[in-house]
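Worksheet for the structure shown next.
All chains are identified by letter, namely A, B, C and D, in their written order; residue positions are counted from 1 within each chain.
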Amino acid sequence: MTAFKKLLVANRGEIAVRVMRACRELGISTVAVYSDADRKALHVRYADEAFHIGPAPAVESYLRIDRVLDAAKRSGAEAVHPGYGFLSENAEFARACAAEGLTFIGPPVPAMELMGSKTAARRALIDAGLPVVPGTGRNLESLEEVKRIAAQFGYPVMLKAASGGGGKGLRLVRDETEMESAFRTARSEAQNAFNDSSVYIEKYIERPRHIEFQIFGDHHGNLIHLCERECSLQRRHQKVLEESPSPAIDDSLRERMGKVAVEIGRLAGYTNAGTVEFLVDTERNFYFLEMNTRLQVEHPVTEEVLGIDLVKEQIRIAAGEPLGYGQNEIRQRGHAIECRVYAEDPENNFFPSPGLLCGLRVPAGPGVRDDSGVFEGWTVPLEYDPLLSKLVVWDRNRQAALARMRRALQEYLVAGIKTNITFFLRVLEHPDFAAGNFDTGFLDRMLADKIPEAEKPDQDQEQERIAALAAALASRQGPMESASNVPAPAKSAWKSAGLQSLLNQRP
Amino acid sequence: MTAFKKLLVANRGEIAVRVMRACRELGISTVAVYSDADRKALHVRYADEAFHIGPAPAVESYLRIDRVLDAAKRSGAEAVHPGYGFLSENAEFARACAAEGLTFIGPPVPAMELMGSKTAARRALIDAGLPVVPGTGRNLESLEEVKRIAAQFGYPVMLKAASGGGGKGLRLVRDETEMESAFRTARSEAQNAFNDSSVYIEKYIERPRHIEFQIFGDHHGNLIHLCERECSLQRRHQKVLEESPSPAIDDSLRERMGKVAVEIGRLAGYTNAGTVEFLVDTERNFYFLEMNTRLQVEHPVTEEVLGIDLVKEQIRIAAGEPLGYGQNEIRQRGHAIECRVYAEDPENNFFPSPGLLCGLRVPAGPGVRDDSGVFEGWTVPLEYDPLLSKLVVWDRNRQAALARMRRALQEYLVAGIKTNITFFLRVLEHPDFAAGNFDTGFLDRMLADKIPEAEKPDQDQEQERIAALAAALASRQGPMESASNVPAPAKSAWKSAGLQSLLNQRP
Amino acid sequence: MKFHVKTQSGSETFEHVLELPPVSQSSSSAATLEYRMDEKPGKVDWTEVSPGIYSLIVSGRSFEARVAKTGRNGSFEVKVGFRTFHVELRDSKTRHQRGDSAAHHGPQEIGAPMPGRIVKVLVQENAAVQAGQGLLVIEAMKMQNEIRAPRAGRVEKVHVREGEGVESGAPLLSLA
Amino acid sequence: MKFHVKTQSGSETFEHVLELPPVSQSSSSAATLEYRMDEKPGKVDWTEVSPGIYSLIVSGRSFEARVAKTGRNGSFEVKVGFRTFHVELRDSKTRHQRGDSAAHHGPQEIGAPMPGRIVKVLVQENAAVQAGQGLLVIEAMKMQNEIRAPRAGRVEKVHVREGEGVESGAPLLSLA
């Protein structure tokens, strides 16, 4: 069907399985690579072939270009899909693939390099007259200059370290009186963190929404956008729930933003799948944030709404086929939501919760899709991102999709490790979220508020008594052989004991 | 959201779970009923409330109107969804619900009664000038009359027992020379089976397709059709795989048939969901077969293609809401296929295979939906239809959907009992099926041909060696405690021994 | 059989006295049985649908409970709906032997909540600590987490050193 | 360790001589090990991913095998891909004791393939039957199925009567 007979997936977890599913449907043999921690992983079991590429730490395995390419050569694969993360935005890897005669499933190297540098991308967009967050983008040495430019943009502004990342050297300045101390501390923090005290100014967008556009280009000059994804629901700048369409985008804004997204793609000489991220302010102005030159984690919400399989499309396009859709064939139908189900403990500051997944019941039925990388009996390793699965629902409109997501989350059962499933149920119940009124700071504010869980007194009291009864019935059955294959996580015992003691101490 | 707070599902298995999922999404509490065989069943566990209604045999439980109504009263349910089978087309039950002040989720009683009688429905359609299979529909006493009418319709014709059913008193007559003996034996068989020797003639439609149209009406005078489902893939008159759209229907035929389906609905004064079944001959003439006054097993293929939740729509309409869609909003997108996964043994004449389902891995990922009524650890009871789950896929076109179904079936793993999963893989590989060239006799012919399984020599030989290796490794691990919780089905041992001996006897 | 049951979920705790009929051979795996909870009689139709998963029907309401033993005797983690309860169970015999506040007596072992690496030890042996005070910092999956004292006490022993890798449940520190 | 392996799937049977290294403590649950099958050396990287489910990687190719013991000693049902194999395993010691055609000696018990009801007994005791001849008709889930003789022989004993209900595996008939 396509030009490829065999494809290596240079990734692990749910996305590796996702890509292999697409390959199977296209009749392409799959090659997995795996580290010591992943011998039993689902992607290794799912693949037609599997090659070991090193110890558990990613730098010694999944990030080792030489070992991934060696596996590709040994297997005779003709193409490599990098998934997301790991080597997916690594231009050096893409170049190395080309040098070995392997098709890298992604954009051309120059596009990766341009978009890989935030400042270069920003400059290119400014030159082309495309909207970026107003800012200097260059080193500012004197307090006077900083104040002058800030006054020009209008407060609040952000001071940012030029070599920055991870929140270091970042200062929000609300008015001029705060500027002197902010300028000083941002510079010294930047110096300490990056050995470079350069800072620059950007206009601070208050309560922005994070909206991204999927774009897709082929090697025949076609480049289209596949509408937006709403990604404002973030915890500490990490997306946790995405949806499409965005409740904040109407047809005219969608058309304007989509047009800009395509222009940015053209500017970069883009082919294959990419994502243009924008901030949208409360006046519906939008600003380019960055471009991700790979498949996004949250690509399924687009797939559900448009009925397009992005991974199969990626592979086809890399094989030289033309885009399967024209811009006028792209029509949104209904509403899709994705929840990223993580092995983490919402009651303990979202601390990762790796370990043995000793029980798993996955939601199913109409409009429910679970893209998972785990199974009952799998031990979630310590070394990687603790994403277990992406739960995606579709329904005819946002209200119905929210109800369906609630139903699906209620069906989800994970035992042995903690997950954020109950946390999502809390989010869905929040009236502002239900109404579509939220921005990138919503979730952190909600968590800081420590909003008490909605009271469902009747049912909860009944549940409490049922728990007591069930424990008694289980213990009464004898030495509980029946439950012994559900190993009690050491953590729970520890936590339980700790909490219990704390509680006992309260007046 | 809807007028109902609580709804009783008068059914079991996958359809009971399907209806309860819809209820949860609509915020309606659910009430299950169950027999002795179903105490641990998924629908009982899924429901908010559950009432026991008798012993395992359906006539003493799921078919007992009094007990179902008693459960409804005790629970305070306001509506009853009958699912399919059991009491779903029982007008007496619908009347009894009304008498108790319960909303029966289905059509009005007169519509059920009209369509419940094949002859009455046939007469009504003839009167309205709607297409039925040409036939006499009345008792024919003399051979001469039979021959005259047969000549009029043109051979081949069918002789059918007036009180018939189950293939008794049924004769296909290919030409006049066969008529005398056929007439005699059909009458005597009818006499023996039904104590009534009356027979009538119908034109025999050769190699027909079985195409059905979903219709939907509300209580505000709206009645629309939701396009077709292709149901020609049948084994002994039982549907096993359905799809939508039908490869045999183009837009103009769809419009004509849809119009007739709606007219038939109007004729019956129909509301809620119903299905009009047609036979379509090789010249694309179509004839009314019968109407099912309930939700069909295969409703999900319509849901996937149209993006409409038929069960939620049923409940809304029963609550008095108007149809959520106009005829002009009904647009097919892509292609959906359903496989009915049964506990039956394709290598042993599709004999039912109840028992302990000791291992279960359900397919997932993009475009895959599993509507299931079972779980790992469930014992499939002897007493009911052995449908385990409905595996449904959607993709952009038929070819892609077939590839996706193949992928999904390959992911499906059921241990402990036999299923027809491998049988579906054989069907999908058949070139006629892949090309869309099939009729209602296709599957029985394919099975009679005993088409040898497609040879995949390389892989199969490797698989054979892997099986040998795996068994040795497992046995080498010691006394196989590890596999001991996978109880060996008594059947396999028996079958294995039997086959082995047979093999040993061959020259 | 009489049980003293303590359930805890989030910040709430409840106590019950639960009376169940003695186990009879025929009804040990699934049955309808009568019980008294806090003197109030009730009837439960229960069965174990899968290992550790119980279906309970009480007055027509259908519940599912996932029961897992935790480390200590008579201690369970029970999931009902989306809520998790820690349930302590004592039958009348063991109640008096163990006493009500066993958790307070003797040193308490603080175990690693997950496998990881000790980044920092924040306290020294013999130091007095307050409830909630940070004891160690453990890193896993590139996130750092502070292990805090579950109660006030004295650090009797620190079992780990900075930089050391630990398995889940490994003893980190004894609190006297 | 030397195994004589017989695999059977559909109408095909294969036999192999398989040599595995002796079990060492460290490698009993997962390892890469070298084997010889029919004199040809090979290497397998294997592990048990869930109870009874094995992942095997041979020359880079990844396979999954579900192994379940069946009734008899050394007899397994193994699923690889969509194919099911019946595997008979004998190590070199037991091979000679058991003999190759054990299945032919002594009476053979025909068991019920599924729970159901006996509708008809088609043969009488002491009757000679041919391979493939119908012995009984059993009904379950409203379908009737004929149980046929797996080989020629003589009906030694019929254990059931018409109308009787039987559990799966219940002895129906002994074939001498």
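Observations, loosely collected:
Basically, a residue touches a chain if its C-beta (ideal position, glycine included) is under 8 Å from a C-beta of that chain, and two chains touch if they have at least 3 such contacts.
Only a predicted model underlies this, so the values are computations on that prediction, with no experimental measurement involved.
Pairs A-C and B-C differ in how many C-beta pairs touch across them, and the larger number is found at A-C.
Ranked by how far their CA centres sit from the centre of chain A, the chains are topped by D. Computed centre separation for the pair chain C/chain D is 45 angstrom, with centres defined by C-alpha atoms.
Separating the centre of chain B from that of chain D, both taken as means of CA atoms, is a distance of 34 Å. Taking each chain's centre as the mean of its C-alpha atoms, chain B lies 48 Å from chain C.
Counting only residues that touch two or more partner chains, chain B has 375, 410. Touching of two or more other chains is recorded for residues 51, 61 of chain D. Those residues of chain B that touch chain D in the complex are listed here as 347-349, 351-355, 359, 382-386, 410, 413, 415, 421-422, 425, 453, 459-460, 462-478, 480, 482-505.
By the touch criterion given at the top, residues 1, 3, 5, 7-14, 16, 18, 20, 23, 28-29, 35, 37, 44, 46, 48, 51-52, 54, 56, 58, 61, 63, 65-72, 74-83, 85-87, 89, 101, 103-104, 108, 110-116, 131-132, 140-141, 143, 145, 150-152, 168-169 of chain D touch chain B in their complex. By the touch criterion given at the top, residues 30, 45, 47, 49-51, 55, 57, 60-62, 64 of chain D touch chain A in their complex.
Touching chain C in their complex are the following residues of chain B: 31-32, 39-40, 44-45, 47-52, 74-75, 375-378.
Chain B contributes residues 17-18, 21-22, 24-27, 300, 303, 307-309, 311-312, 324, 333-334, 361-362, 364-372, 375, 394-396, 400, 403-404, 406-407, 410 to its touches with chain A in the complex.
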